[in-house]
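Listed next: structures, encoded as structure tokens.
Paired with subunit B in one complex and with subunit C in the other, subunit A is shared by the two complexes that follow.
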Partner chain A sequence: MFNKKGEERELSFYWIIIFTIVAVALVSGVLVFYSHPIDVRKAESGILANKVVNCVVHEGVIQEEVIEDIRNNGIDEACDLVLTDKTGLYDKEQYYIELNINGEIFKYGDEEYGPFCGHEKSKENIPVCYEREFFVLNSDNSFVKMEVLGAVAKIKQNS
Partner chain B sequence: MIFMKNKKGSDIIVGNVVFIILALLFFGLLLLFLMNQSSITRLMEERTAKEIALLLDSAEPGTEIIFDIEEIASKTDDEANAIRIENNFVYVKLKSKEGYKYHFFNSEEINYDFMRIDGRRYLKINVQ
Partner chain C sequence: MINKKAQIGETTTWIVATIVILVFVFLFIFASGLMAVAKPTLSLDADNAKEDHITQEMLFSILRYEADGREMIDYLAEAKDNGNYKEFESFVEILLERFEADGVKCNFYVYDLVSGVKLAGVEKGSDDAGEAKLEIGQLEVLLEC
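Coming up: the complex of A and B.
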């Protein structure tokens, strides 16, 4: 009798330990998961890069007047983009765009973000980038290579 | 002797019943916690603001967006002030003090209104 009771007590003690481990693991896992912000920068940088491409290229042909506008006023003005984040969370530009059309490079934003692109494994505290290469027609119907890079930092809100 | 045997049996039953009740209670509380965490207002504010901002970023002029807000509207009494789109920001404020805002870069003119379809609440956005 004594031994059986002792075994039961020991068993319930183990049950308590198992339940506690399960509870702690679940609660901490869920808290860690939900405490991180939702990272939308991959989508945002892709949309940004596509916007720039759609602005510069129409039906596969480069728009020379848009390129001239970019030369004079910058990518943001020529493509009607509002790229200044006024959340008050950041003290510098949160977007970076690099457009390379046949060797002529146009840039907007913080150039420091450029070298961080391509470092997928360490993207936690660095900007997230979207890079694409296209071949498009220019005004004299010859193919030219176009490269676009869109980078979004917004680290405080996304990582 | 018969009394002793019955007592032993009832002790085992009571012990098992108590254990099952405690286990159910434990897992019930855990389930409640998990459900509560996935629908906390802070998370809903952030998710909604970012979803709307990305939709607006990718929208071309002439786009009409119908966005289902039934889930978040049920968390507030004043849906008109819960979601606002102003100065290239999407503001979502449910019950938290500050709410959440997210910037979008599309410069097109944006008009929005709240509507109901079959009793369900939607946010209608026109990008012009």
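Coming up: the complex of A and C.
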């Protein structure tokens, strides 16, 4: 009877240790898995570029009135873009948009990010870009080459 | 003495069990780390999301392009009616050649939605930047750029 009681006490001590180890392992595993950062800047820059194109081109035809609006008020106002950083981590603009319509270039944001584009695979901690060249129709039924570039910096959140 | 032997046996069992559990625990944490690194990026990634708005606009512009006073979509409808896509293909080929000369490579296909048979196609090599599909009646038009 005494021996049995003693054995139970020893076992419960082991059980506490084992449960603790398993619990710590579960929490560590989940933390390790979910704490790994996911860089969504490529998606963000692509969405940004698509948004700008969606603003300027409608059903395959360039909207002249929107282009005129961009000339007068800039891409952000003409396309209703709100690109203000609300994290408080940065002192300056974190986005750059460049739209080239048949040689006429419109820019918005920090131009410093432009030269980094195309080097994402060779260097780390630089802005991530999305670039596309494509053709759309002008109002006079001629094709116009457009180039759009969207760059997202946000280095501190993705380094 | 007999009691002690029993205790030794019990203790040995638990020591081995603890080591086995610890090994599994470390393997679990190590595997979690590996899986975190190999975790796929969001499918929103512009490179992964094949169908995109920009290619869609380009497809619209091709179909709305007017040649000899008629839009390309009219030529496509006519081709569907008479079953001959040669004229439509030749117009598309001229456009894609022009795009290619300016550094934009695209493939254009027309499929029968019901049978899945390719009815027309012009290939200039795609840059894999995106694709767009459009269903027009019983036809599916696909542009890959």
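To be clear about the criterion, the second predicted complex is superposed on the first by the 121 of 159 C-alpha atoms of A that agree within 3 Å, B and C clash if a C-alpha of one lies under 4 Å from a C-alpha of the other, contacts with A are read in each partner's own complex, and residues count from 1 in each chain.
By definition in this document, contacts are C-beta pairs under 8 Å (C-beta built on N, C-alpha and C of every residue); 3 or more make two chains touch, one makes a residue touch a chain.
Not measured: the values here are computed from a predicted model.
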Going by the contact rule set out at the top, does A:43 touch subunit B (first), subunit C (second), both, or neither?
both
On the A-aligned overlay, A:70 touches which partner chain: subunit B = first, subunit C = second, or both, or neither?
neither
Output check: A:57 vs subunit B and subunit C. Expected answer is one of first, second, both, neither. What do you get?
second
Check the residue A:157 against both partner chains and state whether it touches subunit B (first), subunit C (second), both, or neither.
first
Using the touch definition from the top, say if A:28 reaches subunit B (first), subunit C (second), both or neither.
second
I'd like to know which partner A:87 touches here: subunit B for first, subunit C for second, both or neither.
first
Between subunit B and subunit C, point out the one touching more subunit A residues.
C
In the superposed arrangement, does A:133 touch subunit B (first), subunit C (second), both or neither?
second
Name the contact category of A:95: first (subunit B only), second (subunit C only), both, or neither.
first
Shared contact residues on subunit A, subunit B side and subunit C side combined as an intersection?
22, 26, 30, 34, 38, 40, 43, 47, 50
Using the touch rule from the top, collect the residues of subunit A that touch subunit C in their complex.
3, 7, 10-11, 14, 17-18, 21-22, 24-26, 28-30, 32-36, 38-40, 42-43, 45-47, 49-50, 53-54, 57, 59-61, 130, 132-137, 141, 143, 145, 148
Please name which positions on subunit C make contact with subunit A in the complex.
3, 7, 10, 14, 17-18, 21-22, 25, 28-29, 31-33, 35-37, 39, 41-42, 44-47, 49, 52-55, 57-66, 95, 98-99, 102-104, 129-130, 145
Enumerate the contact residues on subunit A facing subunit B in the complex.
8, 12, 15, 19, 22-23, 26-27, 30-31, 34, 37-38, 40, 43-44, 47-48, 50-51, 80-83, 85-87, 94-95, 154, 157
Spell out the residues on subunit B that touch subunit A in their complex, using ranges where they run on.
15, 19, 23, 26, 30, 33-34, 37-38, 40, 43, 46-47, 50, 53-54, 57-58, 87-89, 101-108
